[in-house]
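I've put the structures underneath this note.
Below are two complexes that have subunit A in common, paired first with subunit B and then with subunit C.
Up next, the complex of A and B:
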């Protein structure tokens, strides 16, 4: 197990180095002056130029420049944003929790809805209920997320007027930034309107979470169902049944434990899709997260922001990927042998 | 015993493809998906001949015409016109070329490239293959939209550039899948037997490996196709892919978004087509997967 972990850490280091090389080369690949792309300064005066060239090692070879870039990334100097001339790392710190909050709730919904539905669908694979769940899952799987979001906005916000269409919380409430996670921040802020603010934030949260949860939930349903059906045909299930265990006992003790193992792995694999979908959801619901920021950066030709967005999002996805894989190996003795 | 002989002879006479078709056509949903898929395919090929109006002709006497089922509509414009007086029906028909047709081309391109790289990776061993794997793992983790954003930032927005981005985003999963499928085949006894007969790598690949993995390839291609359709539409919607005059479904939705109060049907129709296209692909994919599984079990 220790050897396995060491190998994973080694792989992680390798992947991060490759990622940073990619991010570094973007400074040259993007249109415009590489020095501007690296510093994020829109105009560089004549006095600054020699200083910056020396600091960013632009007069030296690519390898020296890359090493300098790596040092800056590690020390937290990520340059400035073209659009706002603010420090990128500060901006990202403000935006990332919003995305994480949305993605985390969607992922939670997909567990608590998707896995039970998948299990129900697997119990009687030819039953009406199972067919209905599968049809529902296939429909949800095929929905283009932006269309689905717009349909829900049309119904719940424009026609019925029940839910707000944009933002994280009404403009009336002022929640000081502490952790960046809206619900936690509201609970931490000692205000007399806490209840109302919480309710308001939840109303804002409902539609985006529902939209974002659709795809992972359907994936969970399909995957849990397939995995259960496969496990259900194994001989140890037949043995357990032959021993005299009841259906629910077999399901709990032998079925679920084995069937849910590959599901943990699936989370890691689906996380990258989840982030892609979260970015689109953020744009539609004007959710102030990193996805909307990145897409705005394209319109504003804000290259340093795109570069740092690549670093931060890929790091996030890789870390989640690696964590779920390690967890999977931890729970599954069979996978440890490899 | 005689009966047994008859059945097995009958089974032997049936080619695997025909067996697959029998299992596939027994599923109603899969056949419905196939019909829908073929309809989209034909539409993508023939749409220039079918459009009742020029999809890019702006008719300023007929702005925002209501659909023909409403009292204000005209029967010549079945779904009405948009804010520039263009016939929505014709635009939706032509849009199948971009959203569906280009997705098919993208997937075929990615499949061919994936086949090449996956074969090279699958047939080789050692350090080279290990390094290759790790690079693939990295590529698999970058979200497709992020990759598209980067490529658009380098090359500028446009349908062609996003096509490259989507192809690149699809490639790793193809290479991964093909490499695993080939590695699985190479471990089979019949490959070793064939090798002992004196077959070289190319003969093994073309006569044994390829015929045995084409079903997996098709399955991978259907899954990639649904992703490609969704991604092209999403990028068009975000304004990074097809640009506004182009009648791409996602871009059309973004155009009609400002008019969501006045003419919600514009947003609904284009999205419905994307949904149906993806649904047809997924139905075919699921049907195929079930059929393959059924045939393997029997």
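Up next, the complex of A and C:
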């Protein structure tokens, strides 16, 4: 097991190095002066120039420059944003939690809705209920997310007037930034309107979460259903039934455990899709997360921001992928031996 | 009844998300009693982020709307109804007989904002006024080069050349000494740009070495104090409780930054915004049908125009410019671009100005004569040119691209092949400043009621030098007329100069005046006390929310 973990960590380190090389080379590949792209300074004065060249090792070879870049990334000096002239790491710290919060809730919904529905659909594969669930899943799977989001806004915000259209919380509620996770920040804030703020934030959260959860939920339904059906066909299930275990006992003890194993792995694979969809959701609901920021940065030709945004998002996706893989292996003795 | 059916519905469905949905719905049905800061708070949805929190440094309407009237006061104010000057921080003022020395007596006991980053120890006095204006005029002033050393409005009116000295004669008495009499001086002091800063705050920043904070963490005397700014997200202000006038009605004021027009409208309909800047003219009819939304309108002091780069051939020929102007069907533009919510312009000055020249001969739409003029100028077969269309929606030109396309068709009739050019807004302005254009569709909104505000910042030689003269036009005769108009305080005499200047403009045609647009604002019908200010930024201190 330890050997397996070591192998994973080694692979992870290798991927990180490849990623950082890519991010570093973007500084040269983007138009404009590489020094500006690395520092994020819009204008560099004549006095600053020699100091910066020395600091960023621009007078040395690419390898030296890359090592310097790596050092800065690790020590937290990610340069400035072209647009705001603020430290990029500070901006990312402010924005990333918003995206993670949204993605986490969507993922939770996809678990708690997707897996039970998938199991129900698998119990009687030819029943009406199963057919209905499959049809629903297929519809949800093929819905273009931006269209679905606009439709929900039309109905619930504009037509019925029940839910807000944009943002994380009503702008009149002032919640100081502490963790960046809105619900936690509200609970931490010693404000007089904690409860109202919490409800307000939940109302803002509802539509984006629903939209973002649609795709992973349908994937989860289909995957759980298929996996259950496959396990159901295995001979050990038949043996268990033959030994006289009840249907629900077999389902829980033998069926579910084995069927859900590939599902854990699925989370890791779905995470990158989830992040991509989160970007679209953020743009539509003006959700102040990293995805919207990255897309704005592309519009604004904010090269340092694009560089570090790509680095942070791909790191996130790869780490989550790796973690679910490790989890999968932990639960699955067969995979550990391999 | 409502909750009962809601509960029944909830019981029927068991899936997690539906339960959540139900609880949300019941929540929205019975709103709990909200605290004062939220209940009386006002949300203004603006169309963009401010560039700075100091009005001295900017000219953009977006920034002025967001900061000027909320955070600051000026020595003088403009009465929104009559356009006349009225006392602001200066309770009264005297002019010397030669028109070169002005004395302003300041209001006593005017308190600056008490914020997290600054605790004022004294009330406003003459030092603050001196500090404010010296920052603009004196290159050796510690704050002069903060933010780039550009003061676009003050440079366009040649402030540094006009004002010789500002001094504090007594704690509450300020003396302005001018190099020459200037009848637009008082009006310029009343613009949104002439906000009064705190000298004590400047001193504190100097001591702590954080000079740049003067423009990002503002301290003023206005009805609201700064709380936080999240770029592209929101600006949050709280009420300034020691305000020297009647305190602001909303305890909190938030500028929600929503650049997308459709989204801004949606937020108005869902009541996430109380007041919305610049509703699209095409949608006005739809909006005014709703009972929960009011639309306000006002004839604003603005002009949308088509400026020719008069330094470039063939636009350096008067006949070519006249031909181009005559070839444009302005009535079609008024209908298609302004949807009839604008008046055709005959001069750069709007007809509501006291110096408007009503005797100008209206410009005809006459392609045949335009063609003849072109032939006279030596272009019988026309030529190729660019029309630069600004990429953003402005009051004076709600859709420059559409306008450019209409003009393209008009020009084709007289044999001119026009192509439409546009860039991202910042790039667009920079390239314009470098005079890379052939012609441009752009415009101007007045900052005060003085006619000078339409001439000098737009068409003078000094404006051509700073790059704000879009026609790149520097004409001695014209410059003489408008500077003579400034030397006299006699309104009749001034009017005659401006009449002559307008006549001269319509002959020389450095730009084609297209339309004076009306300004619109959409707001929740529960909001009272918000008016459009025809001379500058919106003031929100008097806004209150109550159910009708």
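Here is the rule we go by: the second predicted complex is superposed on the first by the 338 of 338 C-alpha atoms of A that agree within 3 Å, B and C clash if a C-alpha of one lies under 4 Å from a C-alpha of the other, contacts with A are read in each partner's own complex, and residues count from 1 in each chain.
Everything that follows uses one rule, which is that a contact is a pair of C-beta atoms (placed from the backbone, for glycine too) under 8 Å apart; a residue touches a chain by one contact, two chains touch by 3 or more.
All values derive from a computational prediction rather than experimental measurement.
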Query raised in the report: Which of the two partners, first being subunit B and second being subunit C, lies in contact with A:15: first, second, both, or neither?
Result: first
**Report entry** Which of subunit B and subunit C A:82 touches, first, second, both or neither
**Finding:** neither
Query raised in the report: Looking at the overlay, what does A:272 touch: subunit B (first), subunit C (second), both, or neither?
Result: first
Query raised in the report: Thinking of the overlay built on chain A, is A:151 touched by subunit B (first), by subunit C (second), by both, or by neither?
Result: first
Query raised in the report: After lining up the shared chain so the two structures overlap, which partner does A:105 touch, if you call subunit B first and subunit C second: first, second, both or neither?
Result: neither
Query raised in the report: So, A:69: does it touch subunit B (first), subunit C (second), both, or neither?
Result: neither
Query raised in the report: Is A:287 touching the first partner subunit B, the second partner subunit C, both, or neither of them?
Result: neither
Requested in this report: Using the touch definition from the top, say if A:142 reaches subunit B (first), subunit C (second), both or neither.
Outcome: first
Report task. Compare subunit B and subunit C by how many residues of subunit A each one touches, and report the one with more. Result -> B
**Report entry** Interface residues of subunit A shared between complexes with subunit B and subunit C
**Finding:** 158
Report task. Using the touch rule from the top, collect the residues of subunit A that touch subunit B in their complex. Result -> 11, 14-15, 18-19, 26, 29-31, 135, 138-139, 141-147, 150-151, 154, 158, 272-273, 275-276, 279-280, 283, 291, 294-295, 297-299, 301, 303, 306, 309-310, 313-314, 317-318, 321
Query raised in the report: So in the complex, which bits of subunit C are touching subunit A?
Result: 15-17, 20-21, 24-25, 27-28, 32, 34-35, 37-38, 41, 43, 227-228, 230-234, 236, 252, 254, 256, 258, 263, 266-267, 269-272
**Report entry** Of subunit A, residues touching subunit C in the complex
**Finding:** 83-84, 109, 112-113, 153, 157-158, 161-167, 170-174, 192-193, 195-196, 199, 202-203, 206, 210, 213, 286, 288, 296
Query - Complex contacts: residues of subunit B adjacent to subunit A - result: 29, 134-135, 137-138, 140-146, 149-150, 152-154, 157, 226, 230, 233-234, 237-240, 250, 253, 257, 260-261, 264, 267-268, 270-272, 274-275, 278-279, 281-283, 286
